[in-house]
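In the two complexes that follow, subunit A is the common piece, with subunit B as its partner first and subunit C second.
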Partner chain A sequence: MATDSDRGGRLALPVVLVLVAGCALPLAVLFVFSFFQVDFVAILKVPTLKNYIKVASSPTYRSLIGQAIASGLTVAAISAVIGYPLAWVIAKRVHFMKSACLTLLLIPLYTGDLVRIFAWRVVLGAEGVINAFLMWAGLVREPIRALLFSPFATHVVLTYDYLPFMVLGLWLAFESLDDHLLEAARDLGASEATIFRRIVLPLTSPGLIAGGMMVFVLVVGDYLTPQLIGGSSGVTVISAINDLFGTAFDWPLGSAIASSLLLILGVLIAAAALVVGRSTWGRAVVGGE
Partner chain B sequence: MARSPLGTRFAWTHVGLVYAFMYLPVAVIALFSFNASAIIAFPLQGFTLDWYARILVDARILGGLGVTFAVAIPTAVLSTVLGAMAALALTRHALRWRKTFACLLFLPFLVPKVILAVAQLIVLSELGITKGVTTMVLGQTLIILPFTTLVIASVLIRLDRRLEEAAADLGASRAQIFRRVLFPLMKNGLLAAFFVAFVLSSSEYVVTSFLSGRSQPLSILVASDFRFNLSPTLDALAVLMVTANLALVAIGEIIRLRARR
Partner chain C sequence: MTFEMRRRELLKSVLAGAALSAVGPLRGVAQAAGETVAWLTWENLAKDDYLAALVEKTGIKIEKSFIGSDDEQFAKLRAGGASSVDLITPGLDKVEFYVASNLLQPLDLAKIPNAAKLYDTFKTTKLGKKDGKTYGIPFYWGINPIVYRADLMDAEPDWSVFFEGEKYKGKLAMRDYALEGIMIAAMYLGIPKDKMFDLGDKELAEVKKALIAQKKLLRTYWTSIGDLTNLYASGEVVCAFSWVPPYYDLTARGLKMGMAKPKAGVIGWCDTIAIPAGVTGAKLDATLKVVDYLLGPDYGKKLAFGGPYAQSTSATRDALPVDQQEKIFIKDLSVMDSFVWKANPPRYTEWVALWNEVKAS
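Presenting the complex of A and B:
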């Protein structure tokens, strides 16, 4: 007699096979390739640590990885500040059409990376919407060129791209926040600031971390936005990997950079997951029912 | 927290500003797609439908649309079927490796797309597999799977399990329970997942660009146009794509909400 776990396993098996063959296995091969070396147009399959030494000793790659992590943290922080009040309003103040509000927020996600970037170029460009408005209002005489093709522009668009993920995480946390706790605290004479610091923030922090983690990972992995919006600041660790697999043809070095980045991301994600998993909210979500 | 009228007003203003921020780019594109000037800049020059008319006669764009459909339909079917299996395994069974399975399932979402794509590229070249529609379908299915699983799981979690238990008590086999009880109840979730997958597939760029061979879908064609010449035709195309996507998402969402009742 098959147990319930066996039946679930049979159902999950094809999915596991696809994920292993399409994702886990290629990543393992990538890791193996990071120990090979390249000789003109051929890849020598002789194990070496040369690539990792190159990554660790090159100031360029080190700073690119550092920049990617800094960008990820910055955008995660900005989206947290923007998303926090928004998630609160949707979860606690909207009663009618709540799901419509959320859907409306998610819709820009479905427009596609390219369309979004294209639109932002029109908004931020020298002859774009913002500059046209500023000139018309007489606030500036010449268009502000730094609006587009700058780190500023990249961060604006990245925030735009990934804000919905932050709001989603926060919204889930706010939905499971029991209003009675706030009332009880208020009855006991706690000030609004104290309630926020002692009750609301701790209870929503798992959502904050989960949302922040998603935004962080997506920003670090973003390829198109820095490239097409950042101008000369658009070189990222991801575009470096891309170049090594394209024109530069150094797959082993590209693999070593990618593996290093994945390792760093893995450690950070594991740390965040540990924090979320320890909270009651995290257990409720990860635990299913 | 923000109980005062001032605090609430501040919060609502903030919400309004965020929604404006989210829709500003979409609105701007729509505006310029009707503007009677080849230059995408203010001031506006008058109304035209010319840019839309040009798309309809552009053989290259229509060809790309064909490839997009050839990729998006199998991708949507595959990621919906796999997503349903994953969601059923997660919500309906006591899985022994539950956490490991969930981690594996979200791995394609967490790994940067370029890294995933180059890793797949190495495997393809080692095995000597030619890139084309099949590789695009498989690559996209992987990154869309986390999304379809979530959509279907969100429907399954809300279903009353007593219905299945009642059917089992009345002597229905597992196949009968699935066919007569579970499937009709989760059908709307499956449709919603299918639409979401279709939309994500048609707008995906990074993985698609690595895995596409000679047959190039619309998203790749748009990307190369976009690097070299910005024209209002692209605006019009973007508006059409967004409108089609929104219609599909809206249909999916309506279906999913109906499934909750």
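Presenting the complex of A and C:
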């Protein structure tokens, strides 16, 4: 007679198979290709570390990987600063039309990348809304061209694009935060700062971490926004990988850069988990202590 | 009686034979009719009205699928997609990729009568061929010039506008494509056409230096022609290495546009049509008929007005008005002598690496 555990195992099998076939297998193929070489259009399946040596010794690829991580961290941090109070307002202060607020938050995601990018061009462009206003108000004589096609513009649009992912995670965390805990803390004489530091932040940190990771990973993988908004400085490690897979037909080197990026992201996330796990509030979050 | 019967049968046979001979030329049509040819191509080349005459005359159906770039097409075929298409549209410079990967079959030019009308440039080119056999037959071509806002620039620019001076700093754009980016730098530096695709370390270092200087002058690197058209229209960009369509699109919308063809050289491009190795039998016959149609006058006329692009054959040239010939650069064919046709550099991986280094600088 099958136990519940056996039945559970059998039911989980399709999910495991989908994960292996759809996620692990392509990554494994990518990893294997990173040890090959290319000769014109032939892939030479003789294992070598040359591609990894090329990645490690190239200031360009190293710098592009560094830039991607820095952009991911920056946008995740900005999203957290904006998203935290926003999620709190929606969860704790909006009593009517809460669903409408959440829908409003998600509307940008319904429109697709390109629509959002071109909308931002209308806002930030030399003849765009902001420049037109500044000139109309007499604040500037010439349009500020750095508003568009600059790293600044890229980070503004990336933050706009991925803010909903941060807010959703935080909103769920705030919804499950029991207000009685805050009342009890106040009754016991805790200041608002102490309540935030000792209760609110630890209990909402799962949402903060989940949202932050989501934003970080999405920003690192986004190359369309930097390409179309970042101007001549809009090159990313992903667009470099794209060039190698497409134009140059150097799949092995492209695979090596992609694998290196994945490895670095994995190490960063593991290190972050380790640091969080060692902190008091981290243990409280993870272990329920 | 017996004799009469035989005579009748003989007469029937003769009549039937004569009738068959009379409809002989239609036999191919009958065989091809009902065949479906799957064509992987650019969206603007397979409009229904371009292909209407083919469908009407032969009964062949065209199943279209579209590419976003030549690289994407090659990657699709390399990854095993060749069995799902009967006709593809590789760039003339890219055909050798496909041939080296054993993805194409040599074309039987005897079954493509319109191939005899190819312009000399395309007849004699070594590109698209291997061991004397044609694998990719030149199909249509054009140039990638400098397109600029004539209302916002003082004079017709040449390649130097992308490398020198501050006047248009932050208002210029270059295509995000290593091959053309490096070709333009090489033309600016005066490297001769015959050495352009075989640059040594010293030349590549000079090219890189020029491209880094260029980057400081650029507003952006463009990736789609629709995007570049918007950048011209909004005034973000006043001058760019471009394709031809923004010139006509924006002129039609009332903007004063200019098109410059620098004396140092203009990049010419040509796409071919090629048949994957696995296409055989009646499907191959039908596909060859499609190839012949695409090089013929009905299609050529549609392309000349609709594109506007020039076919690689003279099939429709004389039937076009002179201004249309001018528009698609076939009025004076000697203009082709100043073109630098794109080829595939042996050190292309290094070119791409250099291009990425420039963009990341």
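Everything below uses one rule, namely that the second predicted complex is superposed on the first by the 243 of 289 C-alpha atoms of A that agree within 3 Å, B and C clash if a C-alpha of one lies under 4 Å from a C-alpha of the other, contacts with A are read in each partner's own complex, and residues count from 1 in each chain.
As a convention for this text, contacts are C-beta pairs under 8 Å (C-beta built on N, C-alpha and C of every residue); 3 or more make two chains touch, one makes a residue touch a chain.
Just so it is clear, the structure is predicted and the values come from calculations on it, not from any experiment.
Engineer: Once chain A of both complexes is superposed, is A:115 in touch with subunit B (first), subunit C (second), both, or neither?
Structural biologist: first
Engineer: For A:99, select first, second, both or neither according to whether it touches subunit B, subunit C, the two together, or no partner.
Structural biologist: After superposition on chain A, A:99 lies in contact with subunit B alone.
Engineer: Touch check for A:52: first (subunit B), second (subunit C), both, or neither?
Structural biologist: In the superposition, A:52 contacts neither subunit B nor subunit C.
Engineer: A:248 in the overlay: touching subunit B, subunit C, both, or neither? Say first, second, both or neither.
Structural biologist: second
Engineer: Considering only the touch criterion stated at the top, classify A:27 as touching first (subunit B), second (subunit C), both, or neither.
Structural biologist: After superposing on A, A:27 lies in contact with subunit B but is clear of subunit C.
Engineer: Quick one: subunit B or subunit C, who's touching more of subunit A?
Structural biologist: B
Engineer: Between subunit B (first) and subunit C (second), which, if any, makes contact with A:152: first, second, both or neither?
Structural biologist: So A:152 meets neither subunit B nor subunit C here.
Engineer: Overlap the subunit B and subunit C contact sets on subunit A and report the shared residues.
Structural biologist: Common to the two interfaces on subunit A: residues 118, 121, 125, 127, 228, 245.
Engineer: Please name which positions on subunit A make contact with subunit B in the complex.
Structural biologist: 4-5, 7-9, 11-12, 14-16, 18-20, 22-27, 29-30, 33, 82, 85-86, 88-90, 93, 99, 103-105, 107-108, 110-123, 125, 127-129, 132, 136, 160, 163, 182, 192, 195-196, 200, 217, 220-224, 228, 238, 241-242, 245, 251, 254-255, 258, 261-262, 265, 269, 286, 288-289
Engineer: Which subunit A residues qualify as touching subunit C in the complex?
Structural biologist: 38, 40-42, 58, 60, 63-64, 118, 121, 125-127, 145, 148-149, 227-228, 230-232, 234-235, 240, 243-250, 253
Engineer: What part of subunit B is in contact with subunit A in the complex they form?
Structural biologist: These residues of subunit B touch subunit A: 1-3, 8, 11-12, 14-15, 18-19, 21-26, 28-29, 32, 39-43, 82, 85-86, 88-97, 99, 101-102, 104-105, 107-116, 118-123, 126, 138-139, 141-142, 145, 157, 174, 196, 199-200, 202-206, 219, 222-223, 226-227, 230, 234-235, 238, 241-242, 245-246, 249, 253, 257.
Engineer: Show which residues of subunit C lie in contact with subunit A when the two form their complex.
Structural biologist: Per the touch definition, subunit C meets subunit A at residues 69, 71-72, 74-75, 78, 97, 100-101, 170, 176-179, 215, 218-221, 223, 227, 230, 234-236, 348-349, 351-353, 355-357, 359-360.
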